[in-house]
Amino acid sequence: LNSTAALRSIDRNPAASPSPAVRVAISRDTLRALLQQLLKVRAHTLAITAPLSAEDCQVQSMPDASPIKWHLAHTSWFFETFLLGEFSHHYVPFDPEFKVLFNSYYNAVGAKHPRLERGLLSRPSLARVVDYRQHIDAALGAFVSVVAEADLRTVLERVTLGLNHEQQHQELMLTDLKHLLSINPTAPVYYANAPHPEALTNENPDRATQWISLSGGLIEIGHDSSTQATTRFAYDNESPRHRTFVEPYAIANRLVNNGEFLAFINAGGYRDPSLWLSDGFDQVQRGGWAKPLYWQQDSRSHWHEFTLSGLHTLDPEKPVCHISFFEADAYARWAGARLPTESEWEHAATHATSAHLLLQRDDQLWQWTASSYLGYPGFAAAKGAVGEYNGKFMCNQFVLRGGSVATPAGHTRTTYRNFFQPEKRWQFTGIRLARNQPQQR
Amino acid sequence: LNSTAALRSIDRNPAASPSPAVRVAISRDTLRALLQQLLKVRAHTLAITAPLSAEDCQVQSMPDASPIKWHLAHTSWFFETFLLGEFSHHYVPFDPEFKVLFNSYYNAVGAKHPRLERGLLSRPSLARVVDYRQHIDAALGAFVSVVAEADLRTVLERVTLGLNHEQQHQELMLTDLKHLLSINPTAPVYYANAPHPEALTNENPDRATQWISLSGGLIEIGHDSSTQATTRFAYDNESPRHRTFVEPYAIANRLVNNGEFLAFINAGGYRDPSLWLSDGFDQVQRGGWAKPLYWQQDSRSHWHEFTLSGLHTLDPEKPVCHISFFEADAYARWAGARLPTESEWEHAATHATSAHLLLQRDDQLWQWTASSYLGYPGFAAAKGAVGEYNGKFMCNQFVLRGGSVATPAGHTRTTYRNFFQPEKRWQFTGIRLARNQPQQR
Amino acid sequence: LNSTAALRSIDRNPAASPSPAVRVAISRDTLRALLQQLLKVRAHTLAITAPLSAEDCQVQSMPDASPIKWHLAHTSWFFETFLLGEFSHHYVPFDPEFKVLFNSYYNAVGAKHPRLERGLLSRPSLARVVDYRQHIDAALGAFVSVVAEADLRTVLERVTLGLNHEQQHQELMLTDLKHLLSINPTAPVYYANAPHPEALTNENPDRATQWISLSGGLIEIGHDSSTQATTRFAYDNESPRHRTFVEPYAIANRLVNNGEFLAFINAGGYRDPSLWLSDGFDQVQRGGWAKPLYWQQDSRSHWHEFTLSGLHTLDPEKPVCHISFFEADAYARWAGARLPTESEWEHAATHATSAHLLLQRDDQLWQWTASSYLGYPGFAAAKGAVGEYNGKFMCNQFVLRGGSVATPAGHTRTTYRNFFQPEKRWQFTGIRLARNQPQQR
Amino acid sequence: LNSTAALRSIDRNPAASPSPAVRVAISRDTLRALLQQLLKVRAHTLAITAPLSAEDCQVQSMPDASPIKWHLAHTSWFFETFLLGEFSHHYVPFDPEFKVLFNSYYNAVGAKHPRLERGLLSRPSLARVVDYRQHIDAALGAFVSVVAEADLRTVLERVTLGLNHEQQHQELMLTDLKHLLSINPTAPVYYANAPHPEALTNENPDRATQWISLSGGLIEIGHDSSTQATTRFAYDNESPRHRTFVEPYAIANRLVNNGEFLAFINAGGYRDPSLWLSDGFDQVQRGGWAKPLYWQQDSRSHWHEFTLSGLHTLDPEKPVCHISFFEADAYARWAGARLPTESEWEHAATHATSAHLLLQRDDQLWQWTASSYLGYPGFAAAKGAVGEYNGKFMCNQFVLRGGSVATPAGHTRTTYRNFFQPEKRWQFTGIRLARNQPQQR
């Protein structure tokens, strides 16, 4: 998975490990309950494909996307490889060829089918991949009784990781599907009836952005793996919790909306290089960019937006979506503001949410930050293959914070770090502005 | 269609048109019978897809190939566009968007969906495309009664063209499918039980090639559209019949076989630039070519060949297949021979066949000739969109003669001109050698 | 050299060799005279560079072109490799590294510096390459006395080949230089004062094209190597002389001029796919073609043409130049005509020239023919490295006939076959039309 | 310039401007002295080209590099555009076409000649570009007397910026030249005699790396533009000086040397994906990387290094050079360490240098840091065209600190931020390691 992170290794630093008393708390019943929760999550993965044909599930519409069928298989492969194959000694792989076919990027596991050729595999069929899922589900259902006592803690961690991995793919399935349908000249509808996953709202009774001022200082961000270990999952890239210094700043209470972004377009924003990073303006020219990814202008110059429920008239009050970092950065410059750093975002999300000041925090769109995706001070990737989950992608990507309409409920948290390259637009990404505040002396 | 040709326009030269007496022969009954034959041909197109899933029919495995679903739709579009839409005044298109989606390359018809993106259209589904076929079949079945008397002759010609067009796509479906399955690491089987379309034979009781000597001279080749007009179809690129001078030559009685080609490989044929055209050797190096397209060597150096019925041990006596012009040309040079020109091939096919001298003439593999694909003297493409069928491709391609195991029975004739670029290998293409003969004085 | 051909091997067929009496005619004096002629030709090569700076001689402006410095070195390498190194036993190479650096495409000679990187070699400097030329010239001057008696005939043939090779590079130097200067925004002048090499004329007192009718029939074309061997040089690709059948045809007495081509542009010729080969229209769209290579339109829509003497107002009566095969073919179709085959061109050049009917035959522009560049019946490339001169390029190119303002005087003849890919435009190429004639019965 | 930054705008925040008393200090004499210093710097630029031919100065050997001739012209264009053209009212441009030809990337100045085509301009010649330099030098020499009193401060700042810009190009000229010579199979020598610019030393009497421990804390880094404004230049990207929190860490006292890096190679470092960032390993495979850029292994497996003084046997004690960020990062991981952040580097350079603990700080090789190149908190690019100098490149690059053997003496400082993309190797870049320290409590 491109936008994720491996299980935080609680044993990395022996001195920081939970005490024996805490370890006792991990019982077989805990695992049983977690596996039941997992099976419900996995059932939802399949439910996402209900309105889709075998053909819809076959196609890879661009290099960044994967076929829905591949997602279904890979999320099963994940449990077969990292759970059943490792901790269930009698487990027989469903099909030995799947080991290579559905390995995404784990070099430690061995060979991988080329990423760009995922859509060329008409076999196995969708039906067989669904069989594969059911085979894995059955094995997971029976798994609790075959785990060795000594493996319970590790297994619990792996199941938790796998559950979060599955949820991440649920979001990717929707974004990949949206791209696939968007390039079809017939503008197909994924799911016509409400409630559908693309329920962007315009929850700003007073339309003008409110600026929330925060004084910053020497703050702490990140996940504290030493004390929260058994109660709360976080990816390894959210740790360690650490100190960082933040100057006084203000952050917008809501996301930039379509109407505001339209003003940027109408002001010539896409044609003025002084607003853009150099790489960004190169991308604008190379890609012929003049609008967000899924906007369309009809012959009468009216604006429409392609969504999973088809083409709709653009609603100026809904948050602007499918925006690259480059566009978010240029818009912010044009608006006399800037993007928040991830420290600022996390600080505000922690301190401004309680007072209901920070709207659209994590249920609408991922929010680009001004921070490159790098390891926190003291970060070390988990050992083994699952250590490839996050750490090896810390280069040439920017951090997004929050969550989106396509993110499964409860999946994210204030320390969550999503990340994509600055030119990517097919995720549910939007803009929250920030600005400097004069220092109070 | 890439490898075809438009209907010979018998009205191009008024003076050469058939006499009124001949015209009388075209009755409505003739059209009725032809339409019935067409529907049988079209039923076979669908039958080819019987062992395939919707996913198999969705994928475009490389730029040269098209999805099976696209073939099914395009061959229906052909009749909708050039027959029903033009001669059936009450005909309502099945879906107006199909006009663009399934236009292959007819600029005169209007816009086209980009060729390289055919595999990205998950909608319309296979089921809907099959509905489309049935809609067209029904309209064709009822068509005979709605054709105006004055259109009978033109309609008959168009139906004939469409029937031949449909047959060409039947062969392309098999070659495109073979490529799709070949790139799947699981080596899937299309059709395990005999009789399958890939029935290459080794019909050479005495294995050594026999050379058939012909004296040539001022011969005639090509289709005579003036006298055969009403009795025999030919594409426009087979006309006019014309004189050409051929030096004495000899032609091999059979195709080069796998064992012979293996000797070329083992002699370092793929590594010796002196055997190759310059563009050919560039292609060998760029593509890492060291064997025919579908050959595989296992870990014990045994050779296998991927076929529509799966992987098989290489049979040294079967004709070598999936050979580019470049490889055929290099092999011939290595063997001290050359490829025949298309004049030589047609002359031999006409004069040597009756005596059962020329084996494997048109039922095994297409045979590369040394002739570029150009218009015959006096050639003119048909008027209108159907004139785009053949003429506009007369550049940078070489002529193939004969026919293959994948060609529908009765589809080709001795004047038939197939053509592909010299680096293409996914068609059922093989090698027949020729050589110069000293002049008899 | 891309557009050339190796020495016709007179010994290929022993029975056809000249008689001993003829052989006697090749004396050391003949060789001495030929070498003197060669040195004059080589002096002219250097004279071409007189107006150029070292920088002008350094740059490779596109993959098809080579730096002037490279031409100077390669034409010296040719004599060092194929003459001095082979027949002068005491010859010491000027610099052993040059063997690889200046090998153009002779696989039999060994490794080659990559063609696309010729312009990246700042060393050896131009001055050192000129030293190299002088070293070779000195060795050629002293060469006559060191040749063994037994080698005289072969050496004479090689010197002749090298002289013609040198002349071909003289033309290529001008075309490559013209391209280099053309991409410079400052529109530099190569040679301002007359007489310069780009002296296109408008020698048609009565402007309308005259059509010369020829009856064709079973004619002969090509170079007769058996009888002309000692008196006249021809490349191997011009042989053997052979019979070919030509239908009655007419050929234009002059080349298409700028005014006529402008009418094609103004009629939308570049935008109408029905006029173009499919590959040609793809090229038009990919390259954004809307005019001949070196035409420019100023802000007031006036047309200018970049030449070696700078930018000039377009003269409507001069022949249109720097035209690809695709453009020539499309123009001919638009004009209701076609391009001549090379048989037709050679036949007309032989029979219509004496009566001064065929104007601008070989002193203005190369003329695209409708013929692919293939070997004549019975063609076999010369043995050894010089056999790579022509034969290995017989693929995906079209034949041009005639000669151009940039061709050294006396270099071509009616059997001469030049060849380039159909999209190339940087040579001095133009259009002569032909059309079918009704048969006289 | 790719690796630079625009003049810090001291007027950005009026409240922070120097007091009137300070302003008085900028007299015409100060400007006169600075201009004299500038002319000496510019004379050195030309001196770098002394051993080079016009051809050496013409070639652009890869997209990242520029021709030496272009550097000479662009550094003159810089003064013509940003100084003479703006502040000398009677100044006449040397050649109006140069405005576009030698604009590097300043969109605010107007059109630019395409970067990838810099090497294709044989005109203007090197001689004319040298004339251009002399013309600018003369104008700069006379400039002090024509500057308006009111412009003195701004002019002084611009001259300072231009002087630093000129120095940056001096380093780029050497790195671009080194690449050009390196791809020449003859391994040419730029400058055989000592002292040459590539004087890498092995100044580590005891070879083992010493680790310098620092306690970090809430430190300050960056240039303080408010108090140092008139005494010390810094680019805008070095400001503002700001607080940042640093955990305890250790930093290596010297750079990684060739012997150590060879151990990484011999241990299979280039073949083990677990050591690399994902993008890094992709680059390794795509580029076939198995060693630093300029290392060569001869037929007896001995290692050599290409330098500006030719090929030399690899010295295991000299610092390893021409290393990408990807290689530095992978090496550090293999060595059980990491790269320092730029905060750590600057902190160590400030506090550890005085005690002579930090060897090879800025006179050997640029040192990759783990920090992405982003704006400091409160950073704002300068207004106008010079604001394009640094800020628009803050994306997908990593910061390098220190300086190199090719950096002009006195050019850098501890706050200096150099930056390149993580795959670049043609700069003089090396590795200094860091590692975490347990917290002292």
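Each chain gets a letter, A, B, C and D, in the order it is written, and its residues are counted from 1.
By definition in this document, contacts are C-beta pairs under 8 Å (C-beta built on N, C-alpha and C of every residue); 3 or more make two chains touch, one makes a residue touch a chain.
Nothing here was measured: the structure is a model prediction, and the numbers come from that model.
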item: Chain hops separating chain D from chain B, counting only touching neighbours; value: 2
item: Chain whose average C-alpha position is farthest from chain D's own; value: B
item: Approximate Å spacing (C-alpha centroids) for the pair chain C, chain D; value: 49
item: Inter-chain centre distance, chain A versus chain C - centres from mean C-alpha coordinates, in Å; value: 61
item: Chain B and chain C: spacing of chain centres that average the CA atoms, whole Å; value: 37
item: Chain contact topology (line, ring, star, complete or other); value: ring
item: Residues of chain A defined as touching chain B within the complex; value: 53-59, 61, 69, 97, 100-101, 113, 117, 119-127, 180-181, 183-186, 188
item: Interface residues, chain D side, partner chain A - complex; value: 105, 107-108, 218, 242-247, 273-274, 276-281, 341, 370-372, 374-375, 377-378, 388, 392-396, 422, 436
